[in-house]
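Before we start, here is the structure in question, set down as structure tokens.
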Amino acid sequence: MRTILHRGLTLAAASVLVIAAAACGGGSSGTPGVTASTVVVGTHQPLTGPASPGYSKISVATKAYFDHVNAHGGVHGRKITYRVMDDGYNPANTQQVVRKLVLSDRVFAVLNGLGTPTHTGVLDFLKTNRVPDLFVASGSRSWNQPAKYPTTFGFNPDYTVEGKILATYIKGNLPNRKVCFFGQADDFGRDALAGVRQVLGAGTIATRQSYVPTNTDVAPQLSTLKAAGCQVVVSATVPGFTALAVATAARLGFRPQWVVSNVGGDKTTLAARLGAAGAPLLDGLVSAGYLPAVDEPANPWTVQFRKIAEEYAPDLEFDGNVIYGMSVGYLFVQALQAAGRDLTRTSIVDAVTANGFTGPGMVPLRFSAGDHSGYGGLRVNRVTGGKQAYVGPVYVTDDRSGPVREYTEAAPTPPANAIPVG
Amino acid sequence: MERFVFLTLDGLARGAVYAAFGLALVLIWRGTRVVNFAQGALAVASAYLAYTVTGATGSYWWGLVAALAGGLALGALVELLVMRWAGRAGPLEPVIAALGLVLLIQALLGMVYGNDFHPVDTPFARTALTVRGFDLVSPYDLFVLGAVLTVMLLLAVLFGRTKTGLRMRAAAFAPEVSRLLGVRVGRVLTLGWALAAAVGALAAMLVIPTELGLHPTAMDLVFVSGFTAAVVGGLDSPVGAVVGGLGVGVVLSYVGGYLGSDATPVAVLLLLLTVLLLRPGGLFSTVQARRV
Amino acid sequence: MARVGLRHLTVTIAGASALVGLTYLLDPFRNYQLATAAAYLCATAGLTLLIGLNGQVSLGHGALMATGAYTVALLPSGMLLLSVAAAVLVATLAGAVVGVAAARLRGPYLAGVTLAVTMVVPAVTTMADAVFHGDQGLSVAAPPAPLWVAPERWQAWQAIAAAAVTLFVLANLLRSRFGREWRAVRDDEVAAQLAGIPVARTQVLAFVVSAACAGLGGAMFAVLAQSVSPSTFSLTLSLYLLLAVVVGGLGSLAGAAWGALLLVLLPDAIHSVTDGLPLGPDLAQRLTGNLPLAVFGLTLVLVVLAVPGGLQGLLVRAVRRLR
Amino acid sequence: MRPLLEVQGLTAGYGGVPVLDEVDLAIEPATICAVLGANGAGKTTLVRALSGLIRPAAGQVVYDGRNLDGVPVEDRVRLGLAHVPEGRAVVEQLTVDENLRLAVLWRRDRHVRRDLAEVYELFEPLARRRSHLGHQLSGGERQMLALGRALVAGPRLLLLDEPSLGLAPKVIAEILTLLARLRDTTGLTVLLVEQNVRSALSVADRSVVMALGRVTTADVSDATLRHAYLGF
């Protein structure tokens, strides 16, 4: 018995030592993470694990953009430090790393935390600690709850908005075809389907099939779609499963018109997945975007971002993920500038709520006191001859029953050096 | 009917890979009473080697050769450096060591090759051959089935007809007696690990092109299916691994095709429970399964 | 027996009080880590008992934790103590079902079934989407901390209380007739049977007890994270629990504590080290995330090869040498 | 004549508990030496230490003028030292033929075939059950197989651990007669561990008694031995 007592006390004492030794005080007054010369922001990203391909580039690109801004003097004299934590797309890890960022590293804000299940778990914690939770990297509608989570803001157009716009394209350009749906068996697929139905009508989807990311055999689903005679397949899929679905359909001799969600429709990513032999299958693929495209060599945004990437992250292959990461960085710098020289957590939330940001996205952000969802529209694109180019008008809409409208204002152009002017 | 045939063939092509992977697990289990949890990671490492070789030579076949040779070498190394020393404290320690190796290997691959999916080409077309409008198998599926069948025949000959095979069987069933009879059991175990890792590498080479692509974690799910296959068949029985692998492949295909993809893990659990509650040692756990 | 129980109670209260005192020395992040370690401890203590004392290997404890966590998430948030009790009850029932199957199976066959159980969790949450809300999961509205205590400290207290109850109950069980029977069954099933010990019942009981602990750990996970989702309870979690009990020292409750602490501190420590290294952007991108995994994996292999008996074994030997 | 096997101060045990305590023993070539003793006297441990299955803590084993320290188990059989363990240790999952072939896998010479044929001649019943699995054999057949498997390797020293255990008296007699014949015709040396004193002594040239890990009585006459060991 004495040994147990002894062990218990040894253990307790040792834990005290271990933890106390690891503990480091970080008490500073004023706004956490902000000094006269620096501002520290953090993020959680899947740098390892099955979700890491593609997505692991985003934070590298954001960081490269911040390096570029820092090299030009920072924002209001402050250099941006970007602390990227790997959560492996595991919500339990997200809990740990976000708390480390907020409580231990004392970041000013969390920027572009990636993933629906991962980020959902830290919403309450960020709210309790009043940490600005900006530009979440996911198209879920959960980020738009201003009453419940006043400091959380989205970035991506949500999946319902996307579904409505893709359906509008189908209605106008692919009339009288048999439309089917293939989607991930979760919110992503469900929200996208809701958007498609909103526009096309509930009874118009001939066949619906779903997949789970843990089962890579999609041949049964695609043979069903083939047997049903689908001519258009709306696909709410992540890139890996878009590639898998397109390749599997091809080997079944099934060549429908693919209409793919933005998150799973980046041609560069898909072509890399399919390899040289499979890439031609992407010809004709329809998707949508809201940011400058890789295949628009003349787009000034693309030119600038490519230049920054070449300078600050030379080994990074330039694709949609890189443009996405840079756009997040650009938007954050805009927000920092709008928040003014006296940077506080309240001032940046107010600045984001006040909105008025332009670029690099081709549609406006929806931020307002009553709306925290990100970009409110997309433009359909199409792969032709190996190039993914925008076609047709830019559309905007909401995530409910509002109409899909054309957005006619000209796309914003980047300032010199692609650094927003304060 | 057409759909049933399609799902059966699709399931068999996948099941063949699970069978090969399960067979590799059985090889090691019989020799060392260890379930090699690192097998998926070893197989992926071999597939990365093939990726590099194919990239340099432009030939799929040189890559395949490199994967098999790499599998042999990796398996032998793991046995010599880790497993030989890990099994002394208890039956669990080798399992933990294997899990440690999984993390280590996947991390090293991530550092060297990056955490991106790399597409892997197949040597034959994956377009299904159609017979009177029916989608049947693709040439690649036939290649997969043929390769797995060849490996099984080779292993059967090796175990049943050669001196090395006799040594391996004896060392697996009665290591001490084998040593007394002059069998160098240590070397035989090293060879067993090498062979198993090569078979695992082949499974990875066959299955990765049909999945999301080459990635450090590409074989994690295949490991789960292959392990299930081996357990259903009975871990001591190579025949069981083959039957179990094909069975798991077909069941997954039927459930995915008729009930929906999200129901497949539930089907796997039910299959395992049904088989194991009727036969706690797997389908082929009795005496007749003891011969290779 | 009663005296032993009383002593266990004293030790438990002393240990828990020491840890509560510790929470006043730590910053909020370390308190949250302490809370997480305590929640892990509930599960690892149950698992070490199952494996170390009963020789059964489970790869399904992550799934059992999920049953506890989802129970807390689905019940109304007002009465936390009641929902946690319900979580333990549900996990116990799930453990009984798996345990009945487990009593018939040995070694890798049991591992196979429990592995399949773990894989079922995300499937069930997707299939019964209306209840579990699929991949996104549910949020847990735990009652807020009292105003006079910092939230992370409060969370640490809750988790410490749960771990203390777990350890107290398990320590007493180990000293009881059940504990002796468990050990007898592990050492020699046939001999135990001949000695009149109901082997199957003992094994089911061991599984049920460890499932209850996992359920409590899962419930604490839900309370700490304020959310539950299937990817938290993936195969990785089950494997990490296994790693923790072996590296900590199989079969000892102190070892389970070391393992739990390790699960929380090691990734963090490795990250801090790699963070301090001066690396180029390309190298940094490849190493971030991967290097901690590599070090973690290497540590495991080395512990298995060089430190039999795990950390607790090492500590016991070191203390002996000092005397 | 130089002994074929010389054991000096051999001490060995399991997990720090000594079972053999400074055992000395010498066996002349072409003799049968019986090692007698009660259960737990250390007889099996002695044989296991001789064949290298356990490492001695102290002392040495010299075989044919060569110190066996550090020579692994699988090499000792190549030097002509064969060990038939207690309980026969037939590999049950292999056939009779495979069991026999297993013992000659290390041999590179051309006489393997002939030697196998000789064993089948020597043990008639085995020839009839050639392709049967080990677990289908009777106790007597298993002993024949184990013995044949040891002999086919062409040993000079045969270590036999309790060959009579569980066998009918007639079978035991046959086996012992065979051993005596081999000693006389081929010069085989045998170390025979037995509890069955009478039958062992019927063929042994020499006998020693072990008790509590030591050789207590060496080179004794029949009567003393009987008295010491059986108390009559």
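The first chain written gets the first letter, and so on, giving A, B, C and D; residue counts start at 1 in each chain.
As a working rule, a contact is a pair of C-beta atoms (placed from the backbone, for glycine too) under 8 Å apart; a residue touches a chain by one contact, two chains touch by 3 or more.
Just so you know, these numbers come straight off a predicted model, no measurement behind them.
Between subunit A and subunit B, the least number of touch steps comes to 1.
For the remaining chains, with subunit B not counted, the touching-connected groups are A, C | D. Comparing chain pairs B-D and A-C, the larger number of C-beta contacts belongs to A-C. Put simply, the C-alpha centre of subunit B and that of subunit D have 43 angstrom between them.
Note on chain placement: the centre of subunit A and the centre of subunit C lie 34 Å apart, centres being C-alpha means. Subunit C and subunit D have centres, each the mean of its CA atoms, that are 52 Å apart. As a whole-number value, the distance joining the C-alpha centres of subunit A and subunit D reads 75 Å.
Of all residues in subunit A, those that touch two or more other chains are 47-48, 52, 56, 185, 212, 214. Multi-chain contact residues, meaning those touching two or more other chains, do not occur anywhere in subunit D. Among all residues of subunit B, those that touch two or more other chains are 107, 110, 115, 220, 262, 264-265.
Interchain contacts (touch definition given at top) occur between A-B, A-C, B-C, B-D. Subunit B meets subunit D in the complex at residues 163, 166-167, 169-170, 173-174, 176-185, 287, 290-291.
Those residues of subunit D lying in contact with subunit B across their complex are 51, 53, 72-74, 77-78, 82-83, 85, 89, 91-94, 98, 101-103, 105-106, 133, 135, 149, 153. Taken together, the subunit C residues at the contact with subunit B in this complex read 51, 57, 101, 104-109, 111-113, 115-117, 119-120, 122-124, 126-127, 235, 239, 242-243, 246-247, 250, 286-287, 289-294, 296-301, 303-305, 308-309. Every residue of subunit B that touches subunit C in the complex is listed here, in rising order: 29, 35, 82, 85-86, 88-97, 99-108, 110-112, 114-115, 220, 224, 227-228, 231, 235, 262-266, 268-269, 272-273, 276-277, 280-282.
Residue ranges of subunit A in contact with subunit C, taken from their complex: 1, 4-5, 7-13, 15-16, 18-20, 22-26, 47-48, 52, 56, 60, 63-64, 84-86, 88-93, 95-96, 99-100, 102-104, 116-118, 120-121, 123-125, 128, 140, 142, 185-187, 212, 214, 312-316.
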